[in-house]
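Each chain carries a letter (A, B, C, D, E and F) given by its place in the written order, and its residues are counted from 1.
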Amino acid sequence: MLPILFLVALLFFPSSQAADFCVAKLKGAGNPSGYACRNPAIVTVDDFVFKGLGVAGNTTNIISAAVTPAFVQQFPGVNGLGLSTARLDLAPGGVIPMHTHPAASEILFVVTGKITAGFISSSANMVYVKTLNKGDVMIFPQGLLHFQINAGGTAAVAVVSFNSPEPGLQITDFALFGNSLPSKLVEKTTFLDDAQVKKLKGVLGGTG
Amino acid sequence: MLPILFLVALLFFPSSQAADFCVAKLKGAGNPSGYACRNPAIVTVDDFVFKGLGVAGNTTNIISAAVTPAFVQQFPGVNGLGLSTARLDLAPGGVIPMHTHPAASEILFVVTGKITAGFISSSANMVYVKTLNKGDVMIFPQGLLHFQINAGGTAAVAVVSFNSPEPGLQITDFALFGNSLPSKLVEKTTFLDDAQVKKLKGVLGGTG
Amino acid sequence: MLPILFLVALLFFPSSQAADFCVAKLKGAGNPSGYACRNPAIVTVDDFVFKGLGVAGNTTNIISAAVTPAFVQQFPGVNGLGLSTARLDLAPGGVIPMHTHPAASEILFVVTGKITAGFISSSANMVYVKTLNKGDVMIFPQGLLHFQINAGGTAAVAVVSFNSPEPGLQITDFALFGNSLPSKLVEKTTFLDDAQVKKLKGVLGGTG
Amino acid sequence: MLPILFLVALLFFPSSQAADFCVAKLKGAGNPSGYACRNPAIVTVDDFVFKGLGVAGNTTNIISAAVTPAFVQQFPGVNGLGLSTARLDLAPGGVIPMHTHPAASEILFVVTGKITAGFISSSANMVYVKTLNKGDVMIFPQGLLHFQINAGGTAAVAVVSFNSPEPGLQITDFALFGNSLPSKLVEKTTFLDDAQVKKLKGVLGGTG
Amino acid sequence: MLPILFLVALLFFPSSQAADFCVAKLKGAGNPSGYACRNPAIVTVDDFVFKGLGVAGNTTNIISAAVTPAFVQQFPGVNGLGLSTARLDLAPGGVIPMHTHPAASEILFVVTGKITAGFISSSANMVYVKTLNKGDVMIFPQGLLHFQINAGGTAAVAVVSFNSPEPGLQITDFALFGNSLPSKLVEKTTFLDDAQVKKLKGVLGGTG
Amino acid sequence: MLPILFLVALLFFPSSQAADFCVAKLKGAGNPSGYACRNPAIVTVDDFVFKGLGVAGNTTNIISAAVTPAFVQQFPGVNGLGLSTARLDLAPGGVIPMHTHPAASEILFVVTGKITAGFISSSANMVYVKTLNKGDVMIFPQGLLHFQINAGGTAAVAVVSFNSPEPGLQITDFALFGNSLPSKLVEKTTFLDDAQVKKLKGVLGGTG
């Protein structure tokens, strides 16, 4: 008994990095592969569990919807493991506006309700739209514009997963109208009318 | 109008491969990156939607549980996109036995019910077990032994996602007792007793 | 002399795949890693050279600009090598409209003229804009919205490279207004006014 | 002479990271890509050489075998280079028990003796077993259960390599019986009898 | 307006790592994935712009040529983004000697002049040489020996890109003759004559 | 018993691609990820075993050495698994000349004899040389020039592994002198004397 344990001790010696996982130390500087690993000696099962998706997001906003992310910043256990997840809540009439995830594909599972979802391909500019029911799954290829809309009269919930701990989220409207990008540049690069740009900048808090 | 379309035509010309996605032609031979792409001209939104997870799996079996996969073989749209998913149904008393996914990490979301889940690390042989409630999420690092058990008195459902279209699934019991691996080799490599091995080979249809 | 050649013959025997490169057979079905390799015996240096970027693109269009791609579909020699390139021509007043490359980062080198370029981050919705002169280089991180505008009174030329043979190109305006995505869905997911959407659908040939 | 050296000095300037290698600083926190790089100025050839595999492992234990790893924790020079290695010593009757490497494939070369090795596929639950002689090579795909047994009357030695500096090693028996995983959970998830589980927990030092 | 901003605040909270980019802190220790990220709060557009390629390199040296790199050490904005670039200046008669990039493929665009470029395959030891004119593009597969020569009577300039922020550069002559590798070892491993080796060691500052 | 098998049948159904492995069909065209998969139904354990390294290579040649590869072309079982191996035989005085592997790092284990091995870094042009004894291991980073020399009076054998099924092998002398690369180009790009180039072209069968 002792000999076999001794043998294994060669492999199972204390280390600052566990080969199996790398729970993120979010305070330190990240690097291109993610965050530094928390000392495995102080890691517990709670680092691999995220409880924040059990509660509905607050949908009393202009999109009547909420995204509750469990990305590495919220869920440090996914660091380095190539996965993250999020919950979508869509009140009746709710919409997750046109957006992309720059660093991941997305797979969506409808938990409750009815959702119309779609994406637009880049290679052929094709539109792929479908109304999904409870239990249906849809895949959104990496980096493409896509959206989700409540297609029923009751609240809809979906759980989405990404093949990256940091998929990113770029909502087109926020990118164009919710920051300091000058209206003139928005108009020049999108052909939108000045009045339209200024109206949405007003709604989304953009300047310039 | 025409000139701008002409410009874009340089990029959006017909091709046998769409840069954005690669819906699998399952009939042909695969290769290390997955399957050949179906002609994008005949791809429709239905290739990106999978409806098989809306129905409960049949749990009237000895594990009182069912795994319904949406891997590339069932859901060709995920080919090359680095993601797949599955539905777990656990009747009261149900269990997804100890297993690994050789090619992917897994993230689990509890849709209904209560599930005790756990994994065992390789580096330090530590056990990470937790009872999860509806809406809780747990991450299982790539290649490690893990399991799920219904921890409540009612049916439990979970949706799991993997960062590979072909995560693989190796249930330890099937690998040891459900094939032609000679009992003598099983015993030699696991230290299990002969009677134990033969008993489980009987249950799981193994020979030798 | 013969012996040493004999030794090497073990390694340099005829094969349908060269370890070094894999010039694309564009006619066949692609797969997630790219296209099948042309027989190396018929590959010549011309497969590794692309002459299409020596000529200015036609900028007599509504954007007064042109993108001339040397992606795998135009330049089969880059298949599997993780790189591609393109030429940008911007007449005075020209603009490459807001767009993303779903599968690659981009590095831009100004060959002649003056170009204002910028991108918008997803994590913090920050704007990074700069006017570049001849010889300046700018990097655009993968999947983020970005644009280029002629910032001088004379024609500008840039050469851009991507870390993928198929970076993709999704011009936001084309994705929203240049296809069959119903106006109602565009409006619902972008908060643009109906008149604005219909006006741009008219310009870009969209329907619905 | 000076001019050419001056030119090269642009590239060969002092840096805290060598592009070519990244010898691990094991003391610091790791990250998903491995360990931080030791200052290249103090790296010597001895960082790229490991002498621990020249000595036979101690096989006077219950498995009559020993694994001597040269993973990144023992051999910091492999950090970031995608390879590691180990020596297997199998006394007559010796066995490397059923195990997986969660993060790597393995290639085995028989240095001396005769070894019966095998693995079990996940996709089809097939058994692949072969008795190997001196000089034979066998490949074990990533993450699959496999084992090695001395098949001769004399000591056997093999050298194995992995396509990861941290392949991990999960011996099924240690994972099930050598830690605090409660017997009840082991039985529930493996269908092993209580007596069998308790017997092996006793041998391998497990509790619960 | 406030509600929608509040929703997004969940995603856009302050972090030490931006998902989108990771501008290098060159002073700290690197790791296998690159350098630690500079705090995104202090990153500006100037981190994504490199101005050093607008000036011709000094070609008054024995190769009548200059390489001006914009690798991660010179251009920290490319850290983690999978791309870098460089400028080649070739005076009449100039040559970039036979070399490899251990970690990247290269794509070359001729800005001005005429360049003869070539590479040698490893699998079949084939030679691929071509004289390129202004605007021509050539791809050099990863790790293969290649070279560039001014093929005209006037200065030539090329911009090259690599699919790595740290492609590396190993000039065969420097590697063989520009360091302390003993002449005897050079001769033994290259079959070059002693006089030849000593002559080039003299030119390139080598010892031993 | 039947129910559990039925459950698993969903996952273990016949497929033209096994998720676990992809034994190469060498006759067909390869692609960037390797070769198409042989039908798993006809794969046997012999596809995962290579017997060609048990026999000494023929060292009666001018280098008094032999490389016996077990790359994917010789050993189809490694296709897609990220590993390959080779045997080095060095008679007294034997040398594996200066070379690179464009697509892989290498790890070397000395089986018998004494070997002097070394590599040259690109970033700092440093030389790392060591004489290795039986059982010693050395790592050679990807793409760097390296060599092995018999350092004893008896035959030496080493087994080397690579983290690619197709590491490539570019022997500098063969690349420079063993093909049709014109002497003038060799001289221009290496500064070698004309007589030296022509002498080695003569030995190695080069032309031009």
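Definition applied: a contact is a pair of C-beta atoms (placed from the backbone, for glycine too) under 8 Å apart; a residue touches a chain by one contact, two chains touch by 3 or more.
Please read these numbers as outputs of a predicted model, since none were measured by experiment.
Considering the contact criterion stated above, the chains in touch with chain C and with chain D alike are A, B, E, F. Interface comparison, A-C versus C-F: the higher number of contacting C-beta pairs is recorded for A-C.
Sharing over half of its contact pairs with B-D by residue number, the repeated interface among C-E, C-F or E-F is E-F.
Rotation angle for the C-alpha superposition of chain C on chain E: 180 degrees, rounded in steps of 5.
In this assembly, F is the chain whose CA centroid lies farthest from the centroid of chain A. Using CA-based centroids throughout, the chain positioned farthest away from chain B is E. One simple way to say how far apart two chains are is to compare their mean CA positions; for chain B and chain F this gives 35 Å. Remark: chain B and chain E have CA centroids separated by 42 Å (rounded to whole angstrom). In chain B, the residues that touch at least two other chains are 8, 11, 15, 19-20, 28, 31-35, 102-103, 118, 122-123, 125, 129, 141-142, 144, 168-169, 174, 178, 203. Arrangement of the chains shown, judged by which pairs touch: an irregular graph that fits none of the line, ring, star or complete shapes. Pairs of chains that satisfy the touch definition comprise A-B, A-C, A-D, A-E, B-C, B-D, B-F, C-E, C-F, D-E, D-F, E-F.
Against chain C, in their complex, chain B makes its touches with residues 1, 3-8, 10-11, 13, 15-17, 19-20, 22, 25, 28, 31-39, 79-80. On the chain C side of its complex with chain B, the touching residues are 26-35, 57-58, 60-63, 65-69, 71, 73, 102-103, 166-169, 171, 174, 178, 203-205. For chain E in complex with chain C, the touching residues are 8, 11-12, 15, 18-21, 40, 44-46, 48-51, 53-55, 70, 75, 77-78, 81-85, 87, 104-107, 109, 111, 118-119, 121-125, 128-130, 132-142, 144, 159, 161-163. Chain contact summary for the complex, chain C toward chain A: residues 95, 97-98, 100-103, 116, 118, 120, 122-123, 125-127, 129, 141-145, 147, 149, 168-170, 172-176, 178-181, 185, 188-193, 196, 199-200, 203.
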